[in-house]
């Protein structure tokens, strides 16, 4: 499997660089992130080209990273700025790879492909982290699975009433035949893949009961995927029949970044627009979300992925349900983007 | 290495299904075992054909298993009985593999090959678990080794006086030259492989001292292998020279079921015919057996297997002793059965 | 990667055989070391040729090792001396490989190649362990890395001021441009590879402050590599400008023995010539050295090695500094020795 290189991937929250450098592996590359004296965050390789030492264990001296093994220093562009030994000669290959890094609304985004193609406007918008009229939390989870099965999981939220009934899922609404009365719509627009669900006249999920009092209402759950793997779920509960904008909102971000072919980073954020002054609600929400992700989603996704035995999803000829429409479309669209990128690179 | 498919393999004790489903991997296949309302135990695939979720985490509803991830339901034959989403259409490939499962004298047996060939009469007989005139215990051990080295271990009980002197092994009886005075006979009859040993005028093994008082006696230790990998050791101690049927008996079952090429399940049972009302003796016997298996056999077998480096036993040109006759014969007989089965399948 | 077979490798300290046999894997071979009644230490294979049982778990009977699984016995030459079963026949292939083993100045050395070529005079000399006019300690570390990166580490002690500033490293002495004022000389003589450093008018490393009082002095740090992988660092601090022989000496041994292609044994010894009666100094020195090796060197070397992804160092086109001269020369010299040995074996 190849990755889409020309894309912005979330590599952390701004707070990750509060006091020291951070290392993170992205698309198989070891990145070192650190903040310069002027506040700018930069991304260079975390591997010293001398003996392959991990630079994140080193110290920052005048915006340069000093290798903790033999003391070579590299500046924010990745150039070697000091060889303290012998005559001090700096070899031409003494250079760290570097990547465009952008800090946007509390998140750090790295562009992993051709720097000339990096366009900050393509970064997915989720402005709640730094907007004081909203409150919530950010988090992180490491998963030992192909990032695409995490995207699959988010694009098919029917799992929520089965797996997350005690945390973030709305209760089942079954017909006499045992079918779920959830309304579902898959569509695409401007390259964004929409997997939208609505439930009407339903009791809210446990997480909504923490900050709104409707015993029954409508739940609007539009999930948007920005390829390759960044998702926004702009969920809200409203009075029955009322417009979504009038509701109690809980927009969440799900930024999924491939680490290797069989592991990924999951950066998440949940922000709400009501009772924002109550920190105890926030703490309880974070607890529920962590439980849902760590105890419910992660083990399930892990077991499913392990049973795939390293094979591609379609090669396994899975049963495909109507509610898989978005996930199937997304996988095919991403495969095409990757193929196009590879053809272009082969031409160049 | 291939497995013999057309065979009954032990997949559990009846008590394993007392209150919930059970999952077990057999010959590389993921099985889900559960008990229906009428008491019948069934075996279907534990892998949902939609996203490969582990079904054993789901709930049983009207003899159907409900997938814990997205709620699909499957009946006891493996057919999908409900798709709760969208229009509820059930795809033709929405089906779980199923296997013949028989419950016999307290054990669960699955037939892994062609269902048309399954004959319950071929299940090895060990009736003590459900016979109230005997008492004892059943147990289970998971081993990270090829199941054949566990069979080897059982077919050559000379190891017992060396490895199990403090638990289940009789003391050494050495000649002046340091040779063991154990009598040994290997023979086959009706497809059963017999590896029989007798010791005369010998103090009994520690496990026998728990329920019989002879300071010296004869030990009759006939081991029978029912291919591929189910063994019965019908051991007894008697007064010197007395017939075996007059003795203190301790017949044990050793049902070994391949999990993968490098791991297996070991279901064991030990039942005795004397002092059967004394539960403290049973508890102490179980302790000795667990110690023998967990602390003595398992580490030894594991280390031996690890040193084989994934190679076939014969390829390693091992020293073969006279007392390896049964194990060598068994390996060759099993290899022939597997080869014949493969040729037959290739023809079909 | 191949290993140099015709060489002495350290396989333990004499004290390792104080009361029981020892097993150690060397160049991929499982060795069993044990001491005979006459005090001689011998090395035979640790793998029983019958079922591959680990012999080090067995007992020694009259200078023979008894297999803990089925009781076969082997003498100090590796010949099978007893088969206790059946007729007692001993098969011709019932034999353990054996290796020349020499005990020299407190260390055990095994010759892994053609026994006819074993020459004890080629064992590296480090006589302090058994010389009562010196005091110190021996130790052992297991590392999951190719042994050559440990040799690299020792041949380039520039890392000491960065990685070991709090333990065994001398403080940095920087020029205005940030360069280290350490004097360095690489040379070879009689097949020995020398990587020598001198620091002048410098405060001593923390480990020297434990047994000598010079606030400032010269540090002489000549490292010698005896191929394939045994190193002696004959370090001393002196009064400024005084000859090395007048100094406080702390000669250390670093005997590195390949276990597999990706793991090795590290036998170390540190002995001093001053305040040798003070056991508290020795204990504190050992603490510092353990901290330096376990907390500083080992994690760094491990991370560097892991990032090499199983590739050869030169294939990765590393930046090579002037101070890498000895390490680069040593790798090439060793590769040549291995190549020559292989050619010779192919001819034979």
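We just call them A, B and C in the order they show up, numbering each chain from 1.
Note that contacts are C-beta pairs under 8 Å (C-beta built on N, C-alpha and C of every residue); 3 or more make two chains touch, one makes a residue touch a chain.
None of the values given here were measured: they were computed from a predicted structure.
One copy, chain B, sits rotated relative to the other, chain C; on C-alpha atoms the angle is 120 degrees to the nearest 5. Residues touching across the chain A-chain B interface largely differ between the two copies, under half of the numbers being common to both. In terms of their C-alpha centroids, the spacing between chain A and chain B amounts to 47 Å. Shared contact sites, meaning residues of chain A that touch two or more other chains, are absent. Of all residues in chain C, those touching chain B in their complex are 30, 47, 49-54, 57, 66-73, 80, 82-89, 91, 93-94. If you check the complex, the residues on chain C that touch chain A are 152, 156, 158-159, 161-163, 174, 177-180, 182, 184, 300, 303-305, 307-308, 316-323.
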